[in-house]
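Letters A, B, C and D name the chains as they come in the text, with residue numbers starting at 1 for each one.
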Amino acid sequence: MKTTILIHCPDQSGIISNVTGFIHKNGGNIIYIDQHVDKEAGVFFMRLESDFEKNIPIVQSLKQRFEKELALPYQMEWSLHLGSTKPRMALYVSKYNHCLYDLLSRFHSGELSVEIPFILSNHADLAYIADQFNIPFHHIPYSKENKLAAEEKHMSLLEDYKIDFIVLARYMQIITPKIIARFPNKIINIHHSFLPAFAGAKPYHAAFRRGVKIIGATSHYVTEELDAGPIIEQDVTRVTHAHSIKDFISKGRDLEKIVLSRAVKLHIDRKTMVYNNKTVIFS
Amino acid sequence: MKTTILIHCPDQSGIISNVTGFIHKNGGNIIYIDQHVDKEAGVFFMRLESDFEKNIPIVQSLKQRFEKELALPYQMEWSLHLGSTKPRMALYVSKYNHCLYDLLSRFHSGELSVEIPFILSNHADLAYIADQFNIPFHHIPYSKENKLAAEEKHMSLLEDYKIDFIVLARYMQIITPKIIARFPNKIINIHHSFLPAFAGAKPYHAAFRRGVKIIGATSHYVTEELDAGPIIEQDVTRVTHAHSIKDFISKGRDLEKIVLSRAVKLHIDRKTMVYNNKTVIFS
Amino acid sequence: MKTTILIHCPDQSGIISNVTGFIHKNGGNIIYIDQHVDKEAGVFFMRLESDFEKNIPIVQSLKQRFEKELALPYQMEWSLHLGSTKPRMALYVSKYNHCLYDLLSRFHSGELSVEIPFILSNHADLAYIADQFNIPFHHIPYSKENKLAAEEKHMSLLEDYKIDFIVLARYMQIITPKIIARFPNKIINIHHSFLPAFAGAKPYHAAFRRGVKIIGATSHYVTEELDAGPIIEQDVTRVTHAHSIKDFISKGRDLEKIVLSRAVKLHIDRKTMVYNNKTVIFS
Amino acid sequence: MKTTILIHCPDQSGIISNVTGFIHKNGGNIIYIDQHVDKEAGVFFMRLESDFEKNIPIVQSLKQRFEKELALPYQMEWSLHLGSTKPRMALYVSKYNHCLYDLLSRFHSGELSVEIPFILSNHADLAYIADQFNIPFHHIPYSKENKLAAEEKHMSLLEDYKIDFIVLARYMQIITPKIIARFPNKIINIHHSFLPAFAGAKPYHAAFRRGVKIIGATSHYVTEELDAGPIIEQDVTRVTHAHSIKDFISKGRDLEKIVLSRAVKLHIDRKTMVYNNKTVIFS
């Protein structure tokens, strides 16, 4: 039975040997360990993949002992995930289809170990892609007038379908603070610039005006401040004076879909932790 | 006799055929032509490498005819450079040696077709490198009190040595408006961030705080507004949560020297033109 | 009326000015010109985008005059393409869907100015994607016994649908010499290695065994010699000792689809020319 | 007292917890741990940085206990390095100066924690750089006739100066089997291609002939088979049809020096292990 344990706690001597000793003592074999110490903040982070020859009921007692023997004394925040459990992902889109197609074709090829209970959009345009892939599509238009009603519909869907995290695949509408608060570090956005340069609207236009020689895309967790959440992944590509804004947009599409897919995969594989508005990305 | 002609003018039909016809008619063979139209601004840019079987005195009459037959009717701003003329470059440094070593070892290997009449610094630390390479070193300390006197010394050196352009190889002092005005689009700086992100002081510290996954370096022409001049070249490298600010600085050094050297080479080869605070970089 | 002219001929003085003069004289406005001289082979290459205020019938006489005034005296091989004509592309696939999805979603977004009359496969697996995008799907199984019959069916389809070029989107079957001869430099393959390293079968396995730190993908025109045709585009991505062959394959998929799409776009935009088993890629 | 421990052994359950437990029990604080399992070969690799509040004499008894309690039962090959010990590096060069300047300027800036007892060359050309940096220079010409005598001189120098590892900074002469056997996985070469493509002589010429769109450089440990040793680091850069062989060489220089410096730094920081002709590169 494969498990992944994520831990963060104040940095102290002996954590690694005590945690690895605990796993060994309880019949687990450590497959992979990665850790990080944020020296400025004095915080220790660890991710452990282990293999236990045990069934799921026994996991409960394991968790209780971990809590008592390690988490309490070391003041750990921690979580244990069973490899057999697929997280449930809601896909939000608007009118652009490139990120959606990219995620769905990866999902379809078995590259992403995830459930996709529904696709949600503020526009009807991409309903046909949901049809192509046989995934329920919810069209919830958004206007100043229906703001509260729309938020309520979102919340109902997210709760009814037991959604674990949300992916904004070029969803061009603000996520409300209530939803952000309900899914902390669990809403993944793709912004079409190399953040923090060109946050906000029309980043390709701004990049063109500034005459940059490289453009980028950034995937980050959504926080209340626009485009300012913890960065998960970034990538860039070269441009020249000969490229028009239209060319920037076209080249950017390839970046956006690759960067978003990488970030989604890291999240699904539980390789991300967030601290002080920054991510630790485990290998 | 190799020549490079740079032209920009309002975009009109027939420029290419008229200019190439002029060169052909005057015994020149076109080796390479690159052009660009800024459609928004309606401006045409061209760079032509040609080979004339003529000696330098004849170039003068060629220039006069070009002025009359082409530059005037098409309202061109243009310049003609003889391949045999090496531009004269002043090297400004402070305490970091990596960009200086990189430029000097390229110069020494014949990679940069340039004269380096002197190295100038506001500190004495790198005088030994000037010695290693047998290049005069001028130490002009800078303080609030000697501001004007220092500027005067700079101007004298730049004039006496007939400097064509200045390279700031991690020179950590503001260039005065008077010098900038005297060398428009002829002062090349290297900024240790992916501009426009992290302009100003301590960009690696700012990048670290923001938790970016990629850092960069930018070479640009100096204008009065800090780190806001026309970008010549940029490049980036990956970082992770595991890298400290010290690591950023160390990885950044490799970017800085490569990006600055590329920009200097483009400038020397007369492959840059500036318009609307942006560069056209010819191939 | 937008036109693209492609030319190659022995390198001589005066070609650029004569060709641009011809276009100007005939009422054309040159939008973009790019040229290259292969100095070793003494061959001149040029690509010209022009705008003529003329209708298609007049193009015929233009072509005749170009042939007489320029092509004959300069021994040019040349072609003229109207911007309004979309080339017709046959898509060949086997069992992997990532390149197919990528090309079809770009096609669907209007990114590729092309017709796709059919998708052909030696397996039935991906018929559902052809259905998703409403494109005819032809399943032509391949075995030693039906070799000739299969080739004939291919030829019929290619002729009947007036196919201009073929894209092998991870088509895992040899293309017969007869088809290659019929479509010279018009069959685009994607090979999942950084050619010339790891030509042939199972390149990711070979790369893994050699312990490389970077893997690549290469798109090239198909010639009779396996994986040895003119390279159109390549790209690479980093790997480490921690990546398994499965990881190589997964990372490679992202390379393959991006590299193939770029090559297909270059071909559609008529930005490729082939000479001496190498490509000139115009900007 | 900082120490780095490198271990490899047959993969078994419990190694991590036992090793980390041993360090904790002996008063060490684990700063960083990185490990890897080669599943095909069934081999476990680990690198541990620890901080002991102990002085060097006590290290000896620590090593004895480690040997008895861990190394023997787990059949480990292992080594322990004190952070205060700088490895001693011999620099071999021929006529190109770019890698030499790059390494020496890094050394001079304190970037490389190493001793450089001497520079050795089969040519006298770069003696002046050794002078610039005040490092002894040994000129040992090489010819078929003096082969054995030269090898003897090399061996004497390497022994007399207690050299730990050798860096071939574009040294254009074969290293003899005897020297390779004496320094297994301790001779670092830079090859100017993206291996395994273009092994052997004149790789830029071969890359140009094949028409590749990307060129590379590879740093590897030297083994008897030419350019076939374990790869430490690789990097690449784009080229186009417009680049001549001379351009390849010039662009390649920047790759070579960066790739070699990275490999040297990884070796100095004891972040490399070799197994089955492949490297594990620790983070």
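Definition applied: a residue touches a chain if its C-beta (ideal position, glycine included) is under 8 Å from a C-beta of that chain, and two chains touch if they have at least 3 such contacts.
Treat the numbers as computed from the prediction; the structure is a model and nothing was measured.
Can you tell me which chain lies farthest from chain C, using the average of the Cα atoms as each chain's centre?
Farthest by centroid: D.
For the sequence-identical pair chain B and chain D, determine the rotation angle of the Cα superposition and round it to the nearest 5 degrees.
Going from chain B to chain D via C-alpha fit gives 180 degrees.
Quick check on chain C against chain D: do more than half of the interface residue numbers occur in both copies, making it same, or fewer, making it different?
Both copies, chain C as well as chain D, present the same residues to each other, with over half of the numbers appearing on both sides.
Count the C-beta contact pairs for A-D and for A-C, then tell me which is higher.
Higher C-beta contact count between the two pairs: A-D.
Provide the C-alpha centroid distance between chain A and chain C, rounded to the nearest whole angstrom.
So the centroids are 37 Å from each other.
Between chain C and chain D, what distance separates the C-alpha centroids? Give it in angstrom.
42
Considering chain D alone, which of its residues make contact with at least two other chains?
Within chain D, the residues that touch at least two other chains are 242, 283.
For a test of understanding, state which residues of chain A touch chain C in their complex under the given definition.
Listed in rising order, the residues of chain A that touch chain C are 97-98, 101-102, 105-106, 108-109, 111, 132, 242, 250, 253-254, 258, 261, 283.
Write out the stretch or stretches of chain B touching chain C in their complex.
The contact residues of chain B facing chain C are 13-14, 16-18, 20-21, 23-25, 29-35, 37, 283.
Give every residue of chain B touching chain A within the complex, in rising order.
36, 38-39, 194-198, 210-214, 216, 230-236, 240-242, 244, 277-281
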